[in-house]
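We just call them A, B, C and D in the order they show up, numbering each chain from 1.
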Amino acid sequence: MNIIQAVNDALRLEMRRDPSVVVLGEDVGKFGGVFRASQGLQEEFGKERVIDTPLAESGVIGTALGMALYGLKPVPEIQFADFIFPAMDQILSEVAKYRYRSGGQYACPMVIRTPYGGGIRGGHYHSQSPEAHFIHTAGLKVVVPANPHDAKGLLTAAIRDPDPVLFFEPKRMYRAAKGEVPEGEVVVPIGKARVTREGTQVTVIAWGAMWHEADQAVKEGAALGIDAELLDLRSLQPLDIDAIEESVRKTGRAVVVHEAPRTCGFGAEIAALIQERCFLHLEAPVTRVTGFDTPFPYTLENEYLPRAPRILRAIREVVAF
Amino acid sequence: MNIIQAVNDALRLEMRRDPSVVVLGEDVGKFGGVFRASQGLQEEFGKERVIDTPLAESGVIGTALGMALYGLKPVPEIQFADFIFPAMDQILSEVAKYRYRSGGQYACPMVIRTPYGGGIRGGHYHSQSPEAHFIHTAGLKVVVPANPHDAKGLLTAAIRDPDPVLFFEPKRMYRAAKGEVPEGEVVVPIGKARVTREGTQVTVIAWGAMWHEADQAVKEGAALGIDAELLDLRSLQPLDIDAIEESVRKTGRAVVVHEAPRTCGFGAEIAALIQERCFLHLEAPVTRVTGFDTPFPYTLENEYLPRAPRILRAIREVVAF
Amino acid sequence: MRRVRDIEEARMRKGNLPAVGGGEGRWEREFPLRTVIADDGSADPAAVTLSDEEAVGLYRWMLLSREVDERMVQLQRQGRIAFYIGAIGEEATVLGTVAGMRQQDWLFPSYREHAGALFRGMPLSTFVCDLLGNAGDRMLGHQMPCHEAWAAGRFVSISAPIATQVPQAVGAAWAARIRGDDMVALTWFGEGATSANDFHTGANFAGVHKIPVVMACRNNGWAISVPRELQTASETIAQKAVAYGIHGERVDGNDLLAVHAATLRARERGAAGLGPTLLECVTYRVEGHSTSDDPRAYRSAEEVEAWRARDPILRMGRYLGWKRLVAAKDTEKFRAEAKDQVRRAVEEAEAFDPKPPVETLFAGVYAEPLWQQREQLAELRAAIAADPRTASPR
Amino acid sequence: MRRVRDIEEARMRKGNLPAVGGGEGRWEREFPLRTVIADDGSADPAAVTLSDEEAVGLYRWMLLSREVDERMVQLQRQGRIAFYIGAIGEEATVLGTVAGMRQQDWLFPSYREHAGALFRGMPLSTFVCDLLGNAGDRMLGHQMPCHEAWAAGRFVSISAPIATQVPQAVGAAWAARIRGDDMVALTWFGEGATSANDFHTGANFAGVHKIPVVMACRNNGWAISVPRELQTASETIAQKAVAYGIHGERVDGNDLLAVHAATLRARERGAAGLGPTLLECVTYRVEGHSTSDDPRAYRSAEEVEAWRARDPILRMGRYLGWKRLVAAKDTEKFRAEAKDQVRRAVEEAEAFDPKPPVETLFAGVYAEPLWQQREQLAELRAAIAADPRTASPR
């Protein structure tokens, strides 16, 4: 099963299990979504639960919010993460703050699914990774699966979560990442990182599509005799700070990888946290391997993305520090 | 002169100097803005250069962008920084990327002025500090004055800048911060921090309204025998990294202060940079004193804001580390 | 240049009075301003949708609303609350609409419809606690004054960003339809809000999917300092319905009976599966935008005075007089009772601690606090313990 | 439920054909579909706004546009370009509008109006370089294919987010008026874009301030897989003008003469200070949304075939035949010439290096790079030097 199938599977199972789950967005209905994540759902659940909306992300999220208040569990899709900005006011000012501002009288849990990231020759409007905006906004959770199993399990958990969740799907891996996924219910709890390789010399922290690059770099590093530990964060908010601290206390070194531009990206937060909490254990600066501080480019996207060679380079520098 | 007068003065002088400067936004015309920053400008420059727009921030920024393409220098006002989110798509997807995406064929310099920050009993829709979103977006500059002199000088520089600038005005200090400001042209170059107190034991980094809190904390610290250096960043993007490095190399310690929530705030970036670039000089973790990870509250805003007592506490802890 | 001048001249000519009984323009004729109460207080019985008892009841609600607004502005002047924004002059619009809905219907307010929350059972003292942001505040001191929520009355949470409630109302009504419930949502917004993104998407989504929602626009002539003519070039707000293929109506917003009847019609259309209604209620913001505003800086006293003469409470009083249901001395009595009610509510509310406890600062960010909120609460408690100034103004 | 079914039935009944000569609905009558070229190719000379020479010239432009689109789709299938999005079936709308504007007028495209860029002088090979994102790309490889800009022709930068160009066009036209220039902006967008925030704010701002802008909606029936009936409940797109107090017109978008005449009128109104025009051009997206799309998943072959029969190029050909200006063999010749032109352009474009130099990655983020961009360029150069895989696909 690949990631897109896993997403489809999770949606289908949750919709069967819970009649309050509805899917809405541009092209999600009859067409099943431009990436086909909701394929077949309208046939099975009808047009009132799998809704083709007009072209307005603010409307998609705004109506989803109203549905959530009334007790449905909406799973709106934003066609590309790059197109989430027209909905920023509804997400940051409304969805994130509804429970807080009403003193807990209301809540609007929903799962905003959206494909993110580069490597598909999409240029800067089909490749961005805007997670930092949402991590910076208290009241939202932010989840990014790297493989089909986690895509299914985390999406299921997100749909059952009492808080609004931004669910970023690594579109480059939609069909490229394949793996065994159990039939039936799979739940991966939100907030737990996954140690995908144990090691002693350096902690590499990644998520989503970049976990695959980091994995390759770590393997190449192993061939060079570097014993790295690799974490797939899976959930960026809540962050599994215990897993990070435990690992860095052991290794004394950390490399953080993400696609978004470096400045004020989530890597900055992770670096800040590590040096705050593991200061006396650090033997080298926490190092960021990230997208550059430019809009996402078209032709030179391989150069732009923090792929295995650059990650490996950083690992070697940090270990040699 | 106070900050609001300084802003008004800079606008007026630049409008006199350069006929392409126009001001637009909600209530900015006849009324002169809800904080009166544009008071008297419509009388002097007429309704085609000081424009009351309909109620739509996306429209304000979108039309400003078109004006900029055609060669005007628009200075749109967003009434409160909290209301900038309906314009996020125009700012992040369009304004920030126009030069880049057209291969330099077009540019859309403009100055987006907006009052930010808490301490005025405004609750979470009249108190936020959303600077991190814009610092994270390559293509934008971000400037925050702390006093009337810099408000005038930086706004003047921003209006003459070839890039789009977000100009965040500390509304709590609009009338509270007073100071001598020369008549006539004042230009404070963007990108230079100001060392407002020299010291040897710890570097305190702040901007805008929080500079005043930091200043108080540093003074109280001095009375306790702590010799702190205080930086007013003034420009967050471009960041005066040289000034920060130089200071932290000397003091070996840093405290960063901002109003925005901690997680993924600009303090994270500064902490990440300092530990990356001054690792071997650091004698304590870079410490953040910030707003908490909640929406901005109403009643308990004094508790929420990183005011002098909390800053002083952090300074003492860092120095004692 | 020319254009702006034209607008101002037109404005001066018309003094922003709604053209009662049909104006000059085509769209004013297509969307005629509907009234029920004539100037002399008479009304065609066939057009009246309220029983005598209901009419008197709503008159008393209008008086209470006015009393609350006036008293709260006083409290603000005295420094006892920090901010207030009310509905003086717009009582018929607010109460006529809410009274036209059924108990099960959800309400999506902007920020002037406090009478709607009270009408739906929010205790007045609880409302005052919200204004004080004190330990009795149902919002836990999280929001500024006048941003209340009252879930028991299906009155959702007020927020400041303009028009965000419109698609939310559509979503709730849509959810109700999916559930098979007889629920029509009512949402209020100003004419300024019709320029905002969310008015557009809300109306459009509701139109396509025939969502049962009453979109009530309080066209009160001003958006802070911006006159209606600088807000949109459309002759009426109601005609904006045309863009969305939905039903539009224009009603005299100072005529409670007209507003009520129009709301009933709109609710019925929604419940019958005929989709949303854009209901323009033409009224006027007689006072400043809020206690932070000084309207003398941007509009003439004459304009305001002309509208004061059209006070919706006087209008309703004339109707009740014509019907011999209420005499002048009854009104005096009602007013005195309202005053008393408000006085008691303020007293009750002010008895609470002025601040909610410090842990409320972190309550409700998430269903359960994350480690950040837990750590930060501990951090704050320690800081306050070390230096009490942490929790007090300078 | 019922509603969605109704829509589908209506759709099947009408097959998404515009009701030529006025449909059943009220708004279709109020905004009649204007045509100039009759089915037999004849036209009322009084309604024709193009000289014979211009008419033939634009016919050739349409043929070139079609040839470019067809050839680029081929190149995409061959893997020589990564993506393409064209205007097959919409040539009369694109070229009729751009030809109706003056040289000094600015163009604010969505993403199908490449013929507009070419018409304004962008060399075809430069356009192909943009598709290739190579060293000859005027956009420095920064944008994906079909997101060109051509400043020399006042054709601004295409972006993907829907409708953002609408208020931008309004701003530019506003700036021109402030400067005292005779410039009317033209902006294109799809009918799907009318649901977006920025259509709303653009139209509203332009209405209030009477900005000289032509808002040309290519109503091509579909927004990717979403049919026009699920986009908005309004009968026509033109009627949306009513909401903004602006002028609206509806024209057969497959009739180049009708589109051209309407554009001239709209430009004139703008220049005369009468404000914006919303010009609905009823046309059809005959092919998939883009090379990434497979429309068979969501629409019927019959619907598409009905529209193929209404091809705007055939239509214009019939007019030119009726006028005896162009015979079948002329068309063949024009087509061959266009083919040749495209072939040469592709050749020229493919001669450039496939990648722009690495420093272009950082060019144009700011007027001058900040220290971050300078450092990151150095970092990247060093990384490539150390491991060339840094700059190549896996």
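Following the convention adopted for this analysis, a contact is a pair of C-beta atoms (placed from the backbone, for glycine too) under 8 Å apart; a residue touches a chain by one contact, two chains touch by 3 or more.
Every value quoted in this text rests on a predicted model; they were computed, and no experiment measured them.
Of all chains, C has its CA centroid at the greatest distance from the CA centroid of subunit D. Legend: contact pairs of A-C compared by residue number with A-D, B-C or B-D; the interface matching in over half of them is B-D. Distance between chain centres (mean CA atoms), subunit B to subunit C: 35 Å. Separation between the centroids of subunit A and subunit B, computed from CA atoms only, is 30 Å. Averaging Cα coordinates per chain places subunit B and subunit D 40 Å apart.
For subunit A, residues that reach two or more other chains under the stated contact definition are 48, 54, 56, 58-59, 82, 85-86, 89, 93, 97, 100-101, 124-125, 138-139, 237, 263, 292-295.
Shown for subunit C are the residues in touch with two or more other chains, namely 4, 137, 139, 142-143, 147, 159, 161, 195, 197, 200-201, 204, 208-209, 230-232, 365, 370. The part of subunit C that touches subunit D in the complex is made up of residues 2-4, 27, 195, 197, 199-201, 204, 207-210, 229-235, 239-240, 242-246, 273, 275. Subunit C makes touch with subunit A in their complex at residues 106, 108, 137-140, 142-143, 147, 149-151, 156-157, 159, 161, 164, 166-179, 185, 197-198, 200-202, 204-205, 208-209, 363-368, 370-371.
Those residues of subunit B lying in contact with subunit A across their complex are 58, 82, 85-86, 88-89, 92-93, 96-97, 100-101, 124-125, 132-133, 135-139, 237, 260-261, 263-269, 271-272, 275-277, 279, 282, 284-288, 292-295. Here subunit B touches subunit D in the complex through residues 22, 48-49, 51, 53-54, 56, 58-59, 61-72, 74, 86, 89-90, 93-94, 97-107, 138-139, 141, 162-163, 237-238, 241, going by the rule given at the top. By the touch rule above, subunit C contacts subunit B in their complex via residues 1, 4, 82-83, 133-134, 137, 139, 141-144, 147, 159-162, 192-193, 195-197, 223-226, 230-232, 292-293, 297-298, 354-356, 358, 360-362, 365, 370, 372-373, 376, 380, 383-384, 386-387, 389-394.
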